[in-house]
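What follows is a short report on a single structure.
Chains here go by letter, A, B, C, D and E, matching the order in which they are written, and residues are numbered from 1 within each.
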Amino acid sequence: MLTILFDGIAYGMVLFMLACGLSVTLGLMNLVNLAHGAFAMAGGYCAVVLVNRLGVPFLAALPLAFLASALIGLAFERTLYRHVHRKSHLDQVLFTIGLVFMAVVAVDYVAGSSQVFVQLPDYLQGRFTLLGVGIGRYRLLIIVLCGVIAVALQLVLMRSRFGSRLRAAVDDARVAQGLGINVGGLFAATFAVGSGLAGLGGALGAEILGLDPSFPLKYMVYFLVVVTVGGTSSITGPFLASLILGISDVAGKYYLPDLGAFVIYTIMIAVLIWRPQGLFARAAAR
Amino acid sequence: MPPALETIALNKRFGGIRPTSDVTFRLETGARHALIGPNGAGKTTMINLLTGVLRPSSGRILLDGRDITDLKPHARARLGMARTFQINQLFGELTPLETLSFAVSEQAGTGWDVWRPAGTRRTQAARVIELIERFGLADVMNARTAILPYGKQRLLEIAVAMACRPRLLLLDEPAAGVPEEERHDILATVMTLPADVTVLLIEHDMDLVFNFARRISVLVNGALFVEGSPDEVARDPRVKAVYLGEADG
Amino acid sequence: MAELLAVDELRAGYGKAVVLSGVSLSLAPGEALAVLGRNGMGKTTLINAIVGVTQRFGGRIRLDGRDITALRPDQRARAGIGWVPQERNIFRSLTVEENLTAVARDGPWSLAKIYDLFPRLAERRQNFGGQLSGGEQQMLAVGRGLIVNPRVLLLDEPLEGLAPIVVDELMRALRRVIRDEGMAAILVEQNARKVLSVTDRALILERGSVVHAGDSAALRANREVLEAHVSVAQARPERARQPAVSN
Amino acid sequence: MSPQAQADAAQLLAGRARWHPFEVLFWLAAAASTVLLPGHHLILTEIAWLALFALSLDLILGYAGIVSLGHAAFFGLGAYAAGLLAKHELVNEPLLALLLAGLAAALLGFVTSFLVLRGADLTRLMVTLGVALLLRELANKHAWLTGGADGLQGVTVEPLLGRFRFDMFGHTGYVYTLAVTFVLFLVARRIMNSSFGLSLQAMKENPARAEAVGMPVSRRLIAVYTLAAGYAGIAGALLTQTTAFTSLDVFSFERSADLLLVLIIGGAGYLYGGLIGAVVFKLLQDSLSTITPQYWPFWIGLLLVAIVLVGRERITAWTAPLRAFAGRLDRRRGAAATKA
Amino acid sequence: MLRKSLLMALATAALAGLPAPGLAQETVKVGLILPMTGPFTSTGKQIAAAARLYMQEHGATVAGKKIELVLKDDTGNAELTKRLAQELVVSEKVRFLAGFGLTPLALAVAPLATEAKVPQIVMAAGTSIITERSPFVVRTSFTVPQSAVVIADWAVKSNVKKVVTLVSDYAPGHDAEKSFKERFTAAGGQIAAELRVPLQNPDFAPFLQRAADAKPDALYVFVPSGAGAIVMKQFLERGLDKSGIRLIGTGDLTDDDILPGFGDAALGIITAHLYATAHPSPKNKAYVAAFSKANPGMRPNFMSVGGYDGMHLIYEALKKTGGKTDGEALVAAMKGLAWESPRGPIAIDPQTRDIVQNIYIRKVERVNGELHNVEFATFEAVKDPVKAAKK
């Protein structure tokens, strides 16, 4: 029972890491970025190359994967995405699906279509039992790492000046800009961080979710589910949504294997009918 | 004969704010009534309550003696209440002809007709053409609304409301944003609205208000402050004081 | 007198609607200008056009000799335009203090000085923007405009919808900012009497154009002009009432 | 207003639904393809049902402004309905089965329309997607009925009208699919030129004002969503009937996403967008995947990115003549009439 | 109505005007339909590469005919496979349909093969029933039960008493589950639980947890190539190996294509399969060398030999018919063909048109620093057990 909970949390954490950037860019820039998974894939492949080919230690490869995806994200934001900020959601959907197609094929071309894995160091393999709960070492790492990052994100957002400027821009971009906040620059920085986090999620999640060129397509729906269920106005919304989805998905498959795949979609539809703005959206609209 | 529009102790609360408080007033059929007031007096809330965009916290609204407090906007429209919007609310991709065809068809109850091509009913077509003519839209009747000059858009805004054959017309700042050279078209149009239509004008442009209205209500802080003839209102020192910030309404 | 802010034939509006049809004004350092007029006459559009958050159709804006017409709103803010928006637009998910620190720039107006100006804000520093009363929100909006440390502060109807006692408190604060500290300011108000008491000059907008410009004190005494353009007045005689025609 | 202008106005009002030479040409070309391109009937069949499917999306996206990423739900339901009816020999006449499949999908559309009424674009996107994925799971789980992941095997479609056998070369299938698409296009054209259709366009442009004019917005949305679902169901049924096979792919997210691309390439909101998009998209996909079987999606992706960056309006401007002349009001003729 | 009957008349006219199929021609086209994009790309790539390699090695001409390969991408979507196959037959006039990465794709085309009388060479899909769906289907890949029964036999011999099965919820998975279960229980083994995993499933953890809860001697796994790695990793992660559970399965689990990325964790996994890159025959050594040279960075896997042998089958059949491309004659020529493949000796069963081949028991080991499936036992000339049992 607790083992299932543990697995569900780890799964949820990976989802959160992968989706939180999407949630922030959607909430902040009103940008539907279906290509978010492509940045996650970039991070994953970056980790594979670093660890497997260049022999970089796994833990050192993680921040590098973050950095690489963040830089790629920044480059795309400044060159391409900035042109679609003001376009309709439909345009954004088309544009980013196009990017996904290109990313999938490009990765296939460069890295081949087979699934790849990051070679984990020995100390992250296997598991131990604590008070009757089976704890996988790697999943523990994920939970700790993602937990720390989630807390750090929340702290940055709530305590730092960057965070308050960001929240100000989300609250009212027009006034924030009129009061001297460079909203465009803020967007770019946030986009980069969001992409970086996705890259980190891709590097961490490769072990659990698998990594191949079709990654961004395969998990696009999951990201969107997290974002729509969690709402886009905070970090905590997607975080809780990820955990709920992770746990219910894992528990659903364990206890009701025949209904496993229904659980996640049913939850999503129910939530969206109940609260179209997402489960944890700020209740009062402006 | 019941009044065209009557509100009884209308209240609206948003949290601790009370943008409409105990408004009771009536418009006789064929009235030319203006609702004015300084910024933040609650005019927009008032019009939203009347048209059904907002539900009142308490109080009733009667249209020709019938209680319409719980009706949705489209049902009120069916009963003969039409409005124009302070900021144009038009159908940018449709032409004035199409826009008016749509409005006339909805008014005539043929909006559910899935078979007969729009605009081919003779009486409806005649009505559309009449509106086009009356509002001076003939030269632009086949152009996309989005590319019309602003003044023409304002005229279309009123024409759409008139297409609904209203018995009560709410005009929300009809001249707002219209360049000076196109203003007189709007003024002339408003002046020549059919006499049997009851008109409530919400406006800041005093030229328009005093030229048009036979009675004026002044709204201050959500409550009716003064009501009277234009002369009475113009001379009322309390009204001037409110506008100049000399008194606290 | 040196020119701090110069607006030249500014035309602006929203979408297709032209609200401001060619307005010019100038402001000297330390000078305060009242912009009067009824609702919908273009006062807010004037402010928004100077801040850069509306559609500009033509005209130029210079600040301290520098042409800022092409700058983004945030660049204009950094160049020295301070803004107290009409709806106050407090950042709801930020605390009072964060509302201030998020936009703060170096200069004489520090957090401490803002709290000194509005002691109520200091008491509520940890409250979120959404939890403030209207008066407190307005104080915060003014404080937020000041802490940007602008060369010119633009205040858009700062007294609107406030209780009388709050109006008095704000007027005291504004007087201190403008008169004692010498902040150059443009004050948009309907509340003509109040605002004319703190400004040097005034202009009145009607339908997007300047219909009167002059000395504040003189305008304050000129009841006729005020009534004609700001308060309720009969139509000018030349536009006769037309009879309603039957359908 | 001069009598001439009045006459113009009347003519313009009545002329909305008139056929333009371009339209006639388009359908003549389609009819000619049944004779002139016998070797390409299979891909043409695919284009024909895809066009119908895209037309169905156009009804809700182009005319009512509902963004959907789950239109495959109705397509798939229609496909399985037709497949099951044929497989278990419940209804042997393909035309009747087609109708029933359409009705089934329309029913599903009616029920789910209430979910779509809530929320804005993104919520709609996800709810529609969720419905399609749920149906897919449902079909997957009920393998005894649907064949699960292996697809519905053993479907034999009886000859059309008892006479025309569905041959391997796809000739019957193509003529059948094209004819059904044409008839349903005629119906859609008629509906969209009616007062009902006009009211949908008005609602898409400005729902608040449409309601203020007296239009019951929600009920109209439900109606058009149901209609579009029925169309999608028929498109799905055509797929099953012409291939004698269907599988879980009919519900897939990719299908809904591709459909959106098809419609956007052709341009939404003038009925021909889906048709032209289907032709362009399929031919492009087919030729690209022949040239580079492994890397063709890259070029499709590039095309999408380019379309958005350049601007959809400008890209689809090449269809402008058709767009201007087709279902919507004919402006050029109007201008000419006014001059005359 | 008039319009419609007119169209019908036109269509009938078009039908009559078509050239009759079966005319002799200099070029023989082989339609190769594979998933070249989408989630099953790796299957398509392997087979396409092997088919091209075969033609490169053996020349493009056989029995006086020039062989031309027409490659089409069906993205793993069955309705597209069917349309492409139809087009290849109708427009391109191909004489062979080949490829078919997944069972539904092969099944979708089978009726067409019958109708068009074109041999359908199945180079990948592994469900038993496929060859029964058309007399024109000939298979050069494998059937899932071939490996499943062999690993069941091996398990019985190796003192495994209690097994949990974990398979993907689609036809090959069901095949794998059924064949294993029948053979294993017949020999006295016990199936503790049968788990079916959705085909698209991101996380195997809950299923593995259920498996662990049942405390079996071994976990038998069949999942599509690719997902196997995740199963294996999560198997180890939960420490199922340490609680004495062995991981066994068919060779899909330790697909040679992706095995190098598994890491040491894969060491010691036992599977039964038809081919391993490390198969120790001279023929295979040459094959692997040529394949790797033509496709840098790729290792030929069991899918590739399906493509390679499929081409061989086509060449041999044409030789036997003397270049005649009549479908029935070609299929007849294919029946009973036997040859030495890189995987070892194989043959086409004349009764079932299915492949007869050796199945090897292999263990993952490091060879020259790389992970490989190393064969250590051979079950010779295994026929498809499902069809064999029917007789």
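By our rule, a residue touches a chain if its C-beta (ideal position, glycine included) is under 8 Å from a C-beta of that chain, and two chains touch if they have at least 3 such contacts.
All values derive from a computational prediction rather than experimental measurement.
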Q.
Considering only chains that satisfy the touch condition with chain B, which of them also satisfy it with chain E?
A. D
Q) Out of curiosity, which chains are bumping into both chain A and chain C? A) none
(Q) Looking only at C-beta pair counts, which chain-chain interface has the most contacts? (A) B-D
**Q.** Intercentroid distance (Cα basis), chain D paired with chain A, Å
**A.** 34
Q: Report the inter-chain centroid distance for chain C and chain D in whole angstrom, where each centroid is the mean of the CA atoms.
A: 54
Q. When the C-alpha atoms of chain B and chain C are each averaged to a single point, how far apart are the two points in Å?
A. 30
**Q.** For chain E, residues that touch 2 or more chains besides their own
**A.** 37, 41, 45, 198
Q: For chain C, jot down the residues that touch at least 2 other chains.
A: none
Q) Taking each residue of chain D in turn, which ones touch at least two of the other chains? A) 137, 140, 294-295, 297
**Q.** Every chain pair meeting the contact rule
**A.** A-C, A-D, A-E, B-C, B-D, D-E
Q. Which residues of chain B touch chain C in the complex?
A. 17, 32, 36, 38-40, 87-88, 149-150, 153, 173, 176-180, 183, 187-188, 191-197, 204-207, 210-212, 218, 221, 230-231, 233-234, 236, 239-240, 243-246, 248
Q. Which residues, counting only chain D, touch chain E once they are in their complex?
A. 31, 34-35, 38-43, 45-46, 137, 140, 148-151, 153, 164, 167-172, 174-175, 178-179, 239, 243-247, 249-250, 289-290, 293-297
Q: Note which residues of chain D are touching chain B in the complex, please.
A: 1, 5-6, 9-10, 12-14, 16-17, 190-191, 193-199, 201-202, 205-206, 208-217, 220, 269, 329, 331, 334-335, 338
Q) Which residues, counting only chain E, touch chain A once they are in their complex? A) 37-39, 41-42, 45, 195-196, 198, 200-203, 205-207, 209-210, 226-227, 229-230, 233-234, 236-239, 242, 257-258, 261-263, 265, 297-298
Q. Can you list the chain A residues touching chain C in their complex?
A. 161, 164-165, 167-168, 170-172, 174-184, 233, 282, 284, 286
